[in-house]
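Below you'll find a set of structures to go through.
Presented sequentially are two complexes of subunit A, the first with subunit B as partner and the second with subunit C.
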Partner chain A sequence: MAVKLGLILLLFLLAVALTLGVGVQGLSWQAVRGAMGGYDPNDPLQVVLAEIRLPRLAAGLIAGGALGVAGSVMQALTRNPLADPGLLGVDAGAAFAVVLGALYLGQSDAGILAALAFPGAALAAMAVFLLGGGLSGEPGPIRLTLAGLAMSALLLSLVNGLILLRGDALEVFRFWIAGTLALGLQKPLLALAGVSLVGWWLALWIAPLLETLALGRGLARGLGTSPLKVQGAALLAITLLTGSAVAIAGPIAFLGLIVPPLARRLAGRNLRHELLAAPFIGASVLLFADALGRMILAPAEVRVGVMTAILGGPVFVWIARSLRLGEVR
Partner chain B sequence: MKGFSTLILLLALIAFLSLLLGEVRLSLADLWQGLTTGEGPGALTLRVLRGPRVATAMAAGAAFGLSGAVFQMLLRNPLAAPDVMGFNAGAGLAVILALAFGLMLPMALIAALGGLLAALLVGLISWQPGRSEPALVMILVGLGIGFTASGLATFFLLTLTDAEASEARRWIIGSLAARSWNHAAQITVIAGVLGLLLAVQLRALACLELGPVLAQGLGLSVEAAKRKLLATAVLLAAGAVAVAGPVPFVALMAGPLGIGLTGARQPAARLLAAAGAGALILTGADLLSRSLWQGVQLPVGVMTGLLGAPWLMWLLTRAFGKVES
Partner chain C sequence: MTSSALQAQGLGLGYGARRVIDGLDMDLPAGKVTAILGPNGCGKSTLLHAMARLIPLQAGHILLEGQDMARMAPKTLARRLAILPQAPLVPPGILVADLVRRGRAPWRGLLEPWNAAHAQVCDQALAAVGLTDLAQEPLESLSGGQRQRAWIALVLAQATPVLLLDEPTTWLDLPHQMEILGLLRRLNRDNGTTVISVLHDLNLAARFSDHLILLGPRGLVAAGAPDAVITETHLLEAFALAARVLPDPVSGTPMVCPL
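Up next is the complex of A and B:
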């Protein structure tokens, strides 16, 4: 156990160091230490660190942590190893709401736009959950995945249509088609960190109830758990987490798919342990993907949302292939 | 056969409207004059502007429809279709790669090849002898290959110049703009030949629909027959993609819509119904996409996306509601 905890911590620290050090402007350890000693706005290296790398790191920590936890909650709720907020259209919902707000309500205030992500995420999460058969108890992997696919396709077609009807929308669209960590400084980071912490706390709180629910609705009711309340709380947690991640970084698919199996392997089968490990693993994976995206075509930068999509597709295929469908239908 | 007359009537109506409506509205008199004398605006529309476009849409839609219907019958799942199972994403990725690396081949050919490769990959990866529910695994693996391909496509899209990117985007969404009679003839011949191939395999398809165990009992070599049928279906989709681009959701919608309109039960009748429904969907979506907004011509793929996604949602609530209750 100690070895595994150490492994999580080591990967996490490595990811943080990589995020601070890698980029167009290489940064040495001395520069970081110098900045800690006292911030000198005339030193270009320290400015890069404070204005570019640190906001990027903060954005990655919040978005990656939130999406990792959201993925774990989603997989526990749907009992489906192929569940992920991106795949199930939740972040498409958040993105669509923000685009709509920016284009048609004429909003440009970052805080209000970020707040719009939450109702969008909530509506999409509920719609996909219902379409995917959440209420009837056993959402099968195909049905749920296709419900998410349909939701994403619909929202994307709508966004495509909006863009063709409005010429000035292309720039907005670019941000919302694939997420990036580069805009951390423009976002209300503290407030969104707070919201995702609340989501994490809620997820930890209902974890044992979700495990009871996984035994079946009848059994859960017999043990004094109300399935509807637990499902509602889980959807709320998913909304808070995904909404804040999308508000910071735009849509990032597949992170919620990659993190839970890693967390289970490293932290064990207990859902609460998994949820405790998930944010650290999520942030590490996201930061690694981001660093890779900045190195691969340097000096150009590949958006982290594109990197996770490329990494996540094969993971999806691998999980699908090893599914024991007798169990999950 | 009563159902089929509805389908044929609808097809005729849509074709007729497609010739009349659009950027410039034609009157019936114009069309009649063009048809009888070969002169005036009606003749130009028929011969050059809308005639070949409608013919291409009809034939490509029929090919998509046949392809989807075969997938759905073979995998015995209404959610199976080449367009949701990685084929379209593969075609899109191939187009972008060709543009990114400056490959000098016709885009249509490249798109079709990319789709074929993706289909082959899905087949290879999902092939696990002796496992239960192979159809389910195949659909999921197809979805996953599709996700991977679209991720890679976005990646390479970023390396293109703006002009190349907008060219690529047109090919990825699927469009019927500026089709010629060559396109129409090409897809008609391809769909015709492959349709005949399907007709030869009709008995195998009927047996396989009963399930692999019964099909084997009826004297069919199951795996070989399945492979041949899937290959035919994939080629049909590739042919359609080559003239219309990877238009989403037509193959998925055609089968159930065809059955709904005609009430067909026999495999042969259902295939015919799916072909008709596919033609109806693609031609109808094309008509909507160029006449709904004055002055804006949306690519037909955006319209089938808008129509297809709610359809898929409805299908999900219905198809599974039955199984689960």
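Up next is the complex of A and C:
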């Protein structure tokens, strides 16, 4: 157990160091220490650190952590190892709401635009859950995944349609097609960090109820759990977490899919332990993917949303293939 | 005079406009083993689900130890009555011990740490079903009979005076059916637990139960001791089955020989 905890922590610290150190401008420990001693706006290295790298790190920590937890909650709620906020259309819902807001309210207030991600994510999460058979019975992995893919495709094509209505659309379009951590400084990071912490806390709190629900509705109710309340709380947690991540970094594919199996392997089958490990693993994976994306085409960068898609595609296939027939309904 | 664990008064159950059970009155004795019998589709499982408040009542009341069940808080009910549905879902990779721990849910606060008292209840439940040695095995690696015993251990860990089971012997071969029914009989004898199950096998039900409820297509046919319920006229009415009823040469309880 201690070894696994150490491993999680080591990878996490490595990811943080890599994020601060890698880039067009190499960064030394002297610069980092200098910045800690007192910020000198005339030192270009310190400016890079304060205005590019640290916001990037914060964006990665929040978005990666939030998506990792959201993925774990989603997989527990749907009992579906293929569940992921991206695959199930939740981040497409958030993206749609933000783009719609940007179009009609103008790009004036970053805070308002970020806040729009939450109702968008909530509506998409609820719609997919209902379409996937969440109320009528036990939603099976296949039905839910199909509902999510359909919702995702619909919302993303709406996003594209909206963006094409704008003249100056290219930058917006690029952001909403594949997420990036580069725009952290423009986002209300502190508020979004707070919202994701609330989402994380809620997820940790209801974890035992989700475990009870995983025994099936009948037995769960027999054990004194109200399935509807638990599902509602879980959807709220997913919404808070995915909304924060999307507001900061745009859509990031597959992260919520990659993190939960890793967290289960490292933290064990107790959902609360898994949820404690998930944000650290999520942030590590996202920061590694981001650093990799900045290294392979340097000085240009491959967006982290593209990197996670490249990494996550094979993981999706691997999980789908390892599902036994009995689990596929 | 024995007291009642569960009472139904003017019970109406169904799905939408389709009534499955109408105007049912019945009394299930406390501290006894009761089996609910009847043909497929007569509403046995529906009745059991209603007694665990898994489905809404269309009419009437159900009293648990004299109190109207409709007004109980979910956790209160879960501390007094447990139900094992027919096909609970198996969380992938779960260990037997972890499955049984989930039975403590109604007795634990959400942030309350696991403690020795809970662990002791779970150990006792595992011992009662004879799975102590397999506690650290994945549920999926167990045989059908062992798996069913693991689920029973879960509801035992719930530590309720009343235990409902929906067809606990379906899918099991005859020796394993005997094993499960014997286990339930022993739990009743050792702990005084009221055991109520839906069963299909009339002969085994008569052998292992104190009290039988026989349902037919038009509602309750008979209720009472096995001798009084398993009769040729009742079988004809409930199942449209012509049969002779003889005393079981082993136990002396009624035994059905279809004609």
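As a convention for this text, the second predicted complex is superposed on the first by the 319 of 329 C-alpha atoms of A that agree within 3 Å, B and C clash if a C-alpha of one lies under 4 Å from a C-alpha of the other, contacts with A are read in each partner's own complex, and residues count from 1 in each chain.
Just so we're on the same page, a residue touches a chain if its C-beta (ideal position, glycine included) is under 8 Å from a C-beta of that chain, and two chains touch if they have at least 3 such contacts.
Note that the structure is a prediction, hence the values are computed from the model and not measured.
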| item | value |
| --- | --- |
| Room on subunit A for both subunit B and subunit C (clash or fit) | fit |
| Of subunit C and subunit B, partner touching more subunit A residues | B |
| Partner chain(s) touched by A:A153 [first = subunit B, second = subunit C, both, neither] | first |
| Touching partner for A:L297 - first (subunit B), second (subunit C), both, neither | first |
| First (subunit B), second (subunit C), both or neither touched by A:D43 | neither |
| Touched partner set for A:V306, first subunit B, second subunit C, both or neither | first |
| Three-chain overlay, closest Cα atoms of subunit B and subunit C, distance in Å | 12 |
| Common ground on subunit A, meaning residues reached by subunit C in one complex and by subunit B in the other | 138 |
| Contact set on subunit A toward subunit B in their complex | 82, 87, 131-133, 136, 138, 140-143, 145-147, 149-151, 153-154, 156-158, 160-161, 164-165, 177-178, 253-254, 297, 300, 302-303, 306-307, 309-310, 312-314, 316-317, 320-321, 323, 325-326 |
| Complex interface listing, subunit C residues touching subunit A | 49, 52-54, 74-75, 77-79, 81-85, 87-89, 91-95, 98, 102-103, 105-106, 108, 110-111, 154-155, 158 |
| Residues of subunit A that touch subunit C when the two form their complex | 79, 81, 138, 205-206, 208-209, 211-212, 214-219, 221-226, 269-270, 327 |
| Contacting residues of subunit B [partner subunit A, same complex] | 77, 79, 84, 125-126, 128, 132-133, 136-137, 139-141, 143-145, 147-152, 154-155, 158-159, 173, 248-249, 293, 296, 298, 302, 305-306, 308-310, 312-313, 316-317, 320-321, 324-325 |
